[in-house]
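Order as written gives the chain letters A, B, C and D; numbering starts at 1 within each chain.
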Amino acid sequence: MSQAPQLATLPSGVVTLADHEQHARSVMDDNAWAYFSGGAGDEITLRANRSAWDALQLQPRVLRSLAGGHTRTHLLGHALQHPILLAPVAYQRMAHPDGELACAHAAAALGAGMVLSTQASVALEVVAEAVLDEPGRGPLWFQLYLQHDRGFTRELVARAEHAGYEALVLTVDAPTHGARDRERRAGFRLPAGVSAVNLSGMPPVPALSLQQHQSALFDGLLRHAATWEELEWLQGVTRLPIVLKGVMHTGDAKEAAQRGVAALVVSNHGGRTLDTSPATAAALPRMADALQGTLPLLVDGGIRRGTDVLKAVALGATAVLVGRPYVYGLANAGAVGVAHVLRLLRDELEIAMALCGCATLADATDAILWRADGA
Amino acid sequence: MSQAPQLATLPSGVVTLADHEQHARSVMDDNAWAYFSGGAGDEITLRANRSAWDALQLQPRVLRSLAGGHTRTHLLGHALQHPILLAPVAYQRMAHPDGELACAHAAAALGAGMVLSTQASVALEVVAEAVLDEPGRGPLWFQLYLQHDRGFTRELVARAEHAGYEALVLTVDAPTHGARDRERRAGFRLPAGVSAVNLSGMPPVPALSLQQHQSALFDGLLRHAATWEELEWLQGVTRLPIVLKGVMHTGDAKEAAQRGVAALVVSNHGGRTLDTSPATAAALPRMADALQGTLPLLVDGGIRRGTDVLKAVALGATAVLVGRPYVYGLANAGAVGVAHVLRLLRDELEIAMALCGCATLADATDAILWRADGA
Amino acid sequence: MSQAPQLATLPSGVVTLADHEQHARSVMDDNAWAYFSGGAGDEITLRANRSAWDALQLQPRVLRSLAGGHTRTHLLGHALQHPILLAPVAYQRMAHPDGELACAHAAAALGAGMVLSTQASVALEVVAEAVLDEPGRGPLWFQLYLQHDRGFTRELVARAEHAGYEALVLTVDAPTHGARDRERRAGFRLPAGVSAVNLSGMPPVPALSLQQHQSALFDGLLRHAATWEELEWLQGVTRLPIVLKGVMHTGDAKEAAQRGVAALVVSNHGGRTLDTSPATAAALPRMADALQGTLPLLVDGGIRRGTDVLKAVALGATAVLVGRPYVYGLANAGAVGVAHVLRLLRDELEIAMALCGCATLADATDAILWRADGA
Amino acid sequence: MSQAPQLATLPSGVVTLADHEQHARSVMDDNAWAYFSGGAGDEITLRANRSAWDALQLQPRVLRSLAGGHTRTHLLGHALQHPILLAPVAYQRMAHPDGELACAHAAAALGAGMVLSTQASVALEVVAEAVLDEPGRGPLWFQLYLQHDRGFTRELVARAEHAGYEALVLTVDAPTHGARDRERRAGFRLPAGVSAVNLSGMPPVPALSLQQHQSALFDGLLRHAATWEELEWLQGVTRLPIVLKGVMHTGDAKEAAQRGVAALVVSNHGGRTLDTSPATAAALPRMADALQGTLPLLVDGGIRRGTDVLKAVALGATAVLVGRPYVYGLANAGAVGVAHVLRLLRDELEIAMALCGCATLADATDAILWRADGA
């Protein structure tokens, strides 16, 4: 676990999310850094997520009225100050002793939504209780993997509901770990004192003995992999809206819509599962085109600038999630660092809106995207 | 403020504008360098401006008659020796004690036009008086932001008219500062003795108290952002032609033409406002196509070579503006350095014309651009 | 010849094939490294082979049933545990004293096929005897160049048949060496104790005296170059199926199919013959389109990841061959290293299949490839 | 002038033209290096020339008959051993004391054509006499600029005819020097003892006094620039065929054909005149398409590999010229170095032909070029 900064003050010269990342490298130990910063395989998708936003070009407009402008929007019935949420990230106490609790406070103060990871290192009830009554806070959601043990999952869902979480975010793009080579090279292991406290007491996966030439994956782990049937089961045991996270195929998106999920997160798990899968910025417009507004879309992966947020909205997203950047802010200065990351993103978003002539996010249609072919 | 070179002699080995830039880095202090050289955000647009000119290819021609060739053109009724103007750049005394005055002298001597910035560090009257009577000088224009105080703006316009400026260049692409991260990282501040002397006495922006979750931008600064109505007001209070600077959208260009502006500058503010906006070399042909010659077009952004000037003309520009390069020349050797920059550009332009078989700029149609697709 | 590692243990931190390559560089001497790692000319094709797989994007799918999944397939009547074979590589005892024998053991243990090179540094009978009876092993094939001496070739074929090899892989893309500049710069020569033992006793090529301006290639070596007629001759002297290796042109592929070869390997000889020939990942789909499934296709060249294997299958390959990576594994840790390379590839293939929603290789159609144009 | 190597032996490890270049850098002084290696402006075209050949892909073929293969061709009635000529390069005694004479010997020995520069540092008669009677030599041509003094030019042409040159190569792409910034930065000047001996006695250009704002180029040098009329004049004073060098526009090519020139060299002067002009490999196919075989085409610019030669032929060239590489060979080992460069190119050409299934250059149609779009 990283040494906590003595004073929660921002290091000087940190004025962008990239600065936060660079500074965090010097604050985190190698173990935590490999875990949070790494991607799958050769990290082609990790880099593509980032470069895809950079490659999109914005169309400046001039002399348009910006009076009454704002960044507000709505999501699953919740009024948002701005369309930025904290993505679910596990084991945040590896980055800072305050972990998820610091992030929840910062998110509430800055009006950002928060999605707590199933593998959070702080109890889900503690997080919820700390921020549920904050004025102007964003939505508070709970992220879920469908575990092999239905009884335990049902109990976990019940705890989340009881604690006040407003939606379940079901991550479906990771039936198995990706080839996290950077973690493996670093010999990653959870430090003492950090664990997935909300999964405590979960029954272990039943042991399995494999024969030669059998596969630990296909003949083992994947026998329990979740399918659309498990989604149906989950819908039957919760009253919360379900957000499906990790959808990159239009057919899957339509299936999800038909089956009554509340929203989708276009995501490749931050480039941590299937390397050489496409950038989310490339997938988002196809999803938007396939769904035609029937479901709200969120997107994550490589969002580091307010211009990225604006581009995501222009491509059809209602809101975006950021992951690694706020963990870096957390490592750099606890809750203050997370708040700073959110502040920077919102400020940059507003500047970008103004320079594209958008008084509100409703003005951010795809007409604000410059097309190289003039279309 | 930088130490003034003892002797206004050119450093050896400086034979291109890129050489001037490299040398200026060693002459300027970090504060001035961050201000003049930096762009918005990750400086993607700053680099794109440059690389877009490089990517355009010229079509050589041979054995064509070049007799009687020249680089002359006309702009708003002014005969130009060549199509190169100095773009408005603020606070030039940060680069050299002689500041804008040195640049005006150099421009006049080399037959280049000059656009004085509203935020010039030398009084507008001093600059005008020094060069108005120079034979063969280019146009002398005054750049303007629409300030929140109409009375002050009207007075400023009157001073410019009275001093002999021949047009107003209204910058419309910066209702707010861009995310100038390099400046912020460097902790940029104006050095003692350098200020926007022409804005001295301008009433401060009225103070504003914001509530939580309110935006300093939308709920503050942008309430006063200029719109097409303010342009109309300005047209009512001046007899000078108005050049709109910062137009990158064909719709905005057409609106400007309809509203009677005299010319447009296709510009993204040198990559200093909206990062990931397109390169001006990409926007220029669209503007030319939209306006069909109804208004003269100028362009700036990344012009560093005579070949760039020729390409700009081939894409529809009547003239170009250069910014940073002449500030670097100023830092390197005062007026002599600025003159050298202009000399290099003109010489290179002539070579490029000759090798493309253009005796005059009228020959520089888009037929001199090589199209990769053979069109 | 490289010093053999004292203990056949894997170096720590080696978790990918790229890690094996990097580590092997420190284990091999310059002579062996130049031979195994080098390509032809400027190694443009060598790099293109690699980058072409990287550039293909996979389409993630979610919540599909993966029950009963596996990587099994069939090839020339042989059941394969997975679609990965060891490509023919000469002189493996330069990498490790155990040479081809170690590789054969590792391949059998991991269920991979093996193609023994004509220029193997271990007797073909020794290799075959060691592994023919291993349960679950992959196919065992013998690679052949058509030598200038038909009698010797016929005898070699008879030996391979007698030893139990199940197919002949006729390499047709190297009538002459490529411009192996890296080898030439390094002054490559076979170390003492390593030779093409299976070619021992082959009569030398008849001497030839050239006149000035004559060509050692056209007027010498190429007079004996194999043509389709020599293939016919070979078909007449063997009962084994013939796999043609090195086909990159659809016309050649169709000709081969008409002439009754059993399978094709789409290959550019690992970028070792004709530099600037296309990447095999680019050629493969054209071959598949031309043959319409009439012949099984294999492919090699730049395969370093399980995702590459899956992409190859999606583009129409029944199986893939890897070359340099297993030689690096061999250099790093003998048979254990080769087995590790195969294990990594298979594990990564399974992960990729699961994340693309493929329970079996039959599910790996080209629908799992993301097309940038949305097709 | 560079120190002559003591022994004309090739440095070890030099096995490609790129190796020759790298080694020459350590042999030449900065002055000569700047002159020979530099290009115009930012050297974008210089690099593009090279990368354009690299980007073209060759289509391997297998099992085709290569019996009776050779690299012979014809050019202006001259039988060539292979399609490689030495391009005109000035002042070769800067690279080696033997200068142009060494190159002529090497060319003749290797069956390569040679084009002597007007600015050669050895008398044209000396060069011709040395090689005219060599068996199997390639064509011997004389390169010409149209000088301002017609009388002197006519005399120079008569000398070339009398000495036995077989064609005049009229360079038309350099009415003015390009912006040779690398030379200017290095302060290039001819070393003592090296001069354009064949221009000795040429009357100087008449002096000219310019007024302010006048152009040394348009109002000075270019008043004498050659046009199509000067070509006509030249045709009237010589019995030699005229090859036009520096044509990059299809209109110019057609005009030249109509006016009875004997051949064209598609050339951008090795990237030394107009920076950002297209690569010759891009221009060549357009020229071939425009001329439809009515004139033989040659090409230079960036040819460093036998594969490049083969690609040039496939795109429509009858032969190619190489420039800098043989000067590097000359600097490295005198005539031996030049011969080595030619030997490497021819050997590589033959290998490439064999691997593309071309027995002769007539087989090198554009079908041997792989098209990324499958056309």
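Convention: contacts are C-beta pairs under 8 Å (C-beta built on N, C-alpha and C of every residue); 3 or more make two chains touch, one makes a residue touch a chain.
Computed from a predicted structure; not experimentally measured.
Student: Any idea what the CA-fit rotation angle from chain B to chain D is, to the nearest 5 degrees?
Tutor: Rotating chain B by 90 degrees superposes it on chain D.
Student: In terms of CA centroid distance, which chain is the most far removed from chain B?
Tutor: Comparing chain centres, C lies farthest from chain B.
Student: Where the centres are mean C-alpha positions, what is the separation of chain C from chain D, in Å?
Tutor: That pair's centroid distance is 42 Å.
Student: What is the distance, in whole Å, between the centres of chain A and chain D, each centre taken as the mean of its C-alpha atoms?
Tutor: Roughly 59 Å separates the two chain centres.
Student: Among the residues of chain C, which ones contact at least 2 other chains?
Tutor: Expected reply: no residues.
Student: Which word fits the touch map of the chains here: line, ring, star, complete or other?
Tutor: Topology of touching chains reads as a ring, each chain with two neighbours.
Student: What is the complete set of touching chain pairs?
Tutor: Going through each pair of chains, those in contact are A-B, A-C, B-D, C-D.
Student: Spell out the part of chain C that touches chain D in their complex, as residue ranges.
Tutor: Those residues of chain C that touch chain D are 41-42, 44, 172-179, 181, 184-185, 212-213, 215-219, 222-223, 225-228, 230-231, 244, 246-249, 251-252, 255, 268, 273-278, 282, 286.
Student: Hey, which residues of chain B end up touching chain D in the complex?
Tutor: Counting only chain B, the residues touching chain D are 13, 15-16, 18-19, 54, 56-71, 81, 111, 135-136, 305-307, 311, 346-348, 350-352, 354-356, 359, 370, 372, 374.
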